[in-house]
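Next, two complexes with chain A in common: one pairs it with chain B, the other with chain C.
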Partner chain A sequence: MSEVLQKETLLSYIGGEVEPKGTSISIRAINERGREELHNTAFPTRKDEDWRFIDLKSITKNTFVSVDEADTKEVGDISNHFLPEAMNTRLVFVNGEFNEELSSISDLPNGVIVGNLANYADHDSVKSYLGTITNYENDVFAPFNDAAFSDGTFIHIPEETVVKAPIHILNVFTDADKAFYATPRLLYVGEMFSKSTIIEEHIGLADNVYLNVPVTEFKMFTGSNVHHARIQRDSKQASHVSRPIAMLDKNAEYHSYTICLGAKLFRNEPRVIQNDQEVDFTVDGLVLIDGDQIADTHSIMDHRHAHGKSHQLHKCVVNDSAHSIFNGKIFVAKDAQKIDSFQENRNLLLSEDGKVNTKPQLEIFADDVLCSHGATIGQLQDEEVFYLQSRGLTEQKSRELLVYAFALESVESMEVESVEKLLLNEVIQYTNRDEK
Partner chain B sequence: MLEIKNLHASVEGEDIEILKGVNLKVNAGEIHAIMGPNGSGKSTLSKVVSGHPEYEVTEGEILFEGEDITEMDADERAHLGLFLAFQYPVEVPGITNKTLLREAYNTIARANEREELDPLEFEDYIESKLDVIEMKDEFLSRSINTGFSGGEKKKNEIFQMAVLDPKLSFLDETDSGLDIDALKIVSDGVNKIASPEKAMVLITHYQRLLNYIKPDYVHIMMGGKIIKTGDFSLAEQLEAHGYDELQKEFALNGAQ
Partner chain C sequence: MSEELSDEVKALESMIGEEYKYGFTTDVEYEEFPKGISEEIVRELSRVKEEPEWMTDFRVKAYHSWKEMEEPTWFNATYKKPDFENMLYYSAPKKKPQLDSMDDVDPNIRETYEKLGIPLEEQKMLAGVAVDAVFDSVSIFTSFKEKLAEAGVIFCSMSEAIKEHPELVKKYMASVVPVRDNFYSALNSAVFSDGSFCFIPKGVKCPMELSTYFRINNMDSGQFERTLIVAEEGASVSYLEGCTAPMYDENQLHAAVVELVALDDADIKYSTIQNWYSGDENGKGGIYNFVTKRGICKGRNSKISWTQLETGSAVTLKYPSVILQGDNSIGEFYSVAVTTKRQQADTGTKMIHLGKNTKSTIISKGISAGKSNNSYRGEVKIGKKAHGSKNYSVCDSMLIGQECGAHTFPYISSENPTSSVEHEATTSRVGEEQIFYLMQRGISEQDAISMIINGFVKDVLKELPLEFAVEANKLLDVKLEGSVG
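Showing the complex of A and B:
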């Protein structure tokens, strides 16, 4: 491999090489494949269309080491981050590594698996689907996760099984002496007519620099249903690049809600692939950023068959010199008639220096579809603030209420009460940071 | 209660003066009507008095119960007991009427060192006010003015006035866009709220509102000034002859 090419890959920022760590044949094979791709794929630059608005220097100015070399601090007591609804349905990963002690799994319906991947590497579903759903081309981040992960989450819901309690996948990141990388992995297999709620959370416990590159794969069989909430509260110095992807069979429903609060750099590329007719899916997002945070969502809603329904409401609130980017692609294949797809990106700019780039992108090859999209960028209207103020509310409270109202709809789709409360609290804190 | 002295105001950052020396005195128990053609400064006057940040007072002062409020923020004025019923009430999706009113009520109570109401007490209180404007209680849990008809929005302003119980209210073209039935309900509501301790200033184009709410004084505003003050007969005179005649008279007076 030439020296020049070396410099242009992600390997330059992670010490030159990733050693495969998978202990099973199935994971090891994915590690090897990922490493190969990582060596052969150039790190994106602003000349690449999909990366032209985003500043990646939070990654490129650092060198990230593996967790073993980072001298990470003790995790301490994190019970304040446990959800009361998920006291017995919780997996905890500390700096990307499974922590059995902090996890708690019991009382699951018969046959349901919620466990760590390394432990289930020989499970048929792991062998069949792990690493098969991601389809990111010319990508360095999914291959990086492929190359570096050795464990993760495995969730398997058998046929006709409903898991009522939300399953909480809690990724916490501790302080460390060195900047490190972590590659959380999740494989979800929902068999026919199964149903569950997944709360995937990423929390930075300190204010340190790290690189979090999660990959989540959802394989949804006929009639299966999942509600997938993703809450990103990484450290304000961290970079988070995630690849959540779902593959939907007939009549499957996948509803995802991504909430972005933390990280200095957030790049999310959710994808939903319609693998058969009559699916229903959601790719909603809520972004609340300030300071010099960057949050970039590049989504693909890929309709490949007829009779699908999809919905995307992506809301961003931008303060200080933060920067929000949205590129939402809706693909409708030639034979995918009767698709009903809706996309909306609404941005609320609270400052002079904030920046918003938005680009809805429809590529429709079928002729009998209902697809709508829209993007708005607005500010809090003086008239709205004055209206509330004239009723006696302080200016600060008026602004808080208006931002709260803007974010509320997204928060209410969480469906888990403690998560909604937590997020409403975050919204209030966010609006109060406004008046520095 | 309210004393406006030689008030001059312009849009913040612009040179064009909209109010050019308004004088007005309103005592407790009085109902005043300010009439005038479009662009005469009526709405601006109500916004300046309630503290809209878009306007700048360049001269004169506003006294409320003897206190100079000219430089106060809108919320501080509301705490003192001022209220503005908007000509175009703002839609706020996501916040219910009840949430806003409880927050507003308790903020005003706090500012006046009065007891705040907890959610249950507030529920009782607010429901007791629904009759004022013949409103159903589902109204309370709807987002503020969102998807309301023009009439519902105006009713909601009067309802908010009933709940917040201000000392002095400016009603900015509350009658515009109302059909006769809605106009009667709104006027009835205003009459129920009126009391010897309270004062109201109605801003309107037309006499029709004044057939239901009898003003003690009628003021004619033109060119950013109150040019004439009288009793109800002035409104009748205006209805009969229109503003043109007054305009001529005013121009004549101005030329003298």
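Showing the complex of A and C:
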């Protein structure tokens, strides 16, 4: 550890220190733990295998201050970002801080909790699970969230309860005079045979620089089921480093879909841990980037027990001088037999200056498994473009249509209609950007 | 089919129980250096080999580079680090025989070859293969030299090439694998003992398949082979390399460097069967095989193809690569890696696309059994100017037993929007239905499994030259005997 002292830590970029702000004992303890780790862990460099391809300049060239010191602007009217399906199941966080006025929680089934963490700090589930599921080795970002968060989202679904309305967690970021950091936090506890849909959204309202480091923890008990959509539309100057992790008990199902549209630097490290037999999970992703955006996904599908099924489809479209990175790991532990795991990474490289790095990775220690992965990097097929042109479309239009079709598959997995519509709009905006 | 099979079974049975077929030592007198490495040792080595000054300088420079470098640790294997100070850097049979006929060869050495099943005379007559046999470090026998000379092909030991063709060696040596490329290539450059040199001039199709049999024989003598193959414009050559080694307890290091250069329209095919001692059930002993193999398609329309069957060694780190510099050049990599007992193999390839319309194909099959670990690590890189390039990779792994591991680490990157890369990988085991289907037709379980495995690796083995393919099949069966079922 002593050698760490000579190296940079994340603290160098956030003004040297993070003050623990948790008002309850349980959150305070996590703050302290995170702070210690932050002091003892070196900031990653390109020499670290997991950070080889990514340029972290967007973080390192800045100094981020806490929201209190950033002179943030008023949030204004954001009702256009509300989902019609979730009018009464919405929590809003502005620059990482809970906003009660914009939030609206009512008519939830009996016993369901959707609220802010600080309010429920003494809840048994918070005490038992908050901060216990994340386990990122040699990491600086999860500890940073640990050290800096004081509030967040707490969702608790009791046994055999189904929440029909999607729960919308809306994180908005406003303009500010200084670059600031935010550490949104989410703890989800799904009791036995519960079911819900979570829409986690990050929206940058202006074009300012900020650092968004969310941590989400999902504790899934036997037979519970979650559909988790994550939509990242941060400001195109922002950096977003997220740590979503799910721990699955027997027969649990967890399906996550991450859509990356915004942020200059996006680093996402989803992990799903199979904690018992017979689970089923999805870790899909769609990345649409252009300009000088960087989008990096490092996922882990960790099969620790027998009889599991997992699926990953990660699609990227890269334009201009954007850079997409993917590293998907499938782990199958010894004795974790009968695992059926599939991973696919498809990249569409549209420009001369774009760049794609991909590294699908299998690490298998059990023999009776069926694990496979595929990765492709390519461009639109001339034949396909020609086919559409022969039917009267212009070349430009044909190309747009093909990119649209490429992205469509991922968008269609969204179970909420308004979200699907919103994303289709985003896709069209992306593909038609050259049209005037 | 059934007749063939029963022959195979007989052959198999005859081999069962032989722990390591090629494990024995021959008493030959050795001229030895003190153990350890220093600038003096490197200079002395060069002096004993009667090398010109430029070669001595090359070695000394490489030695100093190596001194500054750190031993790599990034791969997926754990082992006892080789003790470079406790190693012999030169050993050669004392009497250097002047060969006119086989009778002049040291009878002990001849006996070794007979045990190995490579009767040189017979091989000359029957197989039409020129054999440059490397016994430990010094070449002692080169056959078919005259016939090759007629065609203009130079095929000799590296020591000889340094003396007789210095201009060629100077031009191409370390041009593909620079001295400082990695820790082991630097070490090799400083202390390489010998190896093969092969030069195919413009427009010549090499009249026969070239082959070298390597054999490690002296306890504690790390082997540092150096091979260089150059094919000029329009030339083509197929080169075979096969290895067996005696059974020892002390780990032995093998850090070879192989360089291939293909100019315009040239074609090089390099095939390897590697079956060095892999250590016992508990992972004791065995060879460390840390080889740097790289080819460059320098000219337009050139082609380099690597085929390998890796079954031996305790630890294998090996990534035969192709740099596709010339436009329309082609790189191929076909590999079967089998690990059993406590073997660890981290192997794969690198395809670096620089020229336009370059193509590469990677077919890798890994089989792990026992308590072994088998990793595929590959890199495909499409450069900014490699317009219209294509890569296709398949990496399949098969697991046999519950204590082994299979890993896939493919690195893929592209900076060109007109190129395409396709990669797929699977991990599975021998299907119960498949075995049942074959057994139902009267085939024993062992044969059924053997047939399925042969089918699994067929795509690769068919790339081997015929002489090797037969040997390869037998080797696979022997290797996996007892671990399946």
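Descriptive notes on the structure:
We adopt the following convention: the second predicted complex is superposed on the first by the 427 of 436 C-alpha atoms of A that agree within 3 Å, B and C clash if a C-alpha of one lies under 4 Å from a C-alpha of the other, contacts with A are read in each partner's own complex, and residues count from 1 in each chain.
We adopt the following convention: contacts are C-beta pairs under 8 Å (C-beta built on N, C-alpha and C of every residue); 3 or more make two chains touch, one makes a residue touch a chain.
Everything quoted here is computed from the prediction, not taken from an experiment.
When the two complexes are overlaid on their common chain A, residue A:119 makes contact with neither chain B nor chain C. In the superposed pair of complexes, A:354 makes contact with chain C only, with no contact to chain B.
Using the contact criterion defined above for the overlaid structures, shared-chain residue A:388 touches chain B, although it does not reach chain C.
Contacts of A:364 after superposition on the shared chain: chain C is touched, whereas chain B is not.
Using the contact criterion defined above for the overlaid structures, shared-chain residue A:99 touches neither chain B nor chain C, since it reaches no partner.
The partner that reaches more residues of chain A, of the two candidates chain B and chain C, is C. Applying the stated contact rule after C-alpha superposition, one finds that A:401 touches chain B and leaves chain C untouched. Those residues of chain B whose C-beta lies close enough to touch chain A in the complex are 50-54, 73-75, 77-79, 83-84, 86, 89-90, 92-95, 99-101, 103-105, 107-108, 111, 143, 160, 164. Remark: chain A residues 381-384, 386-395, 397-398, 401-402, 404-406, 408-409 touch chain B in the complex. If you check the complex, the residues on chain A that touch chain C are 49, 53, 334-335, 337, 347, 349-352, 354-379.
By the touch rule above, chain C contacts chain A in their complex via residues 74, 382, 384, 397, 399-429.
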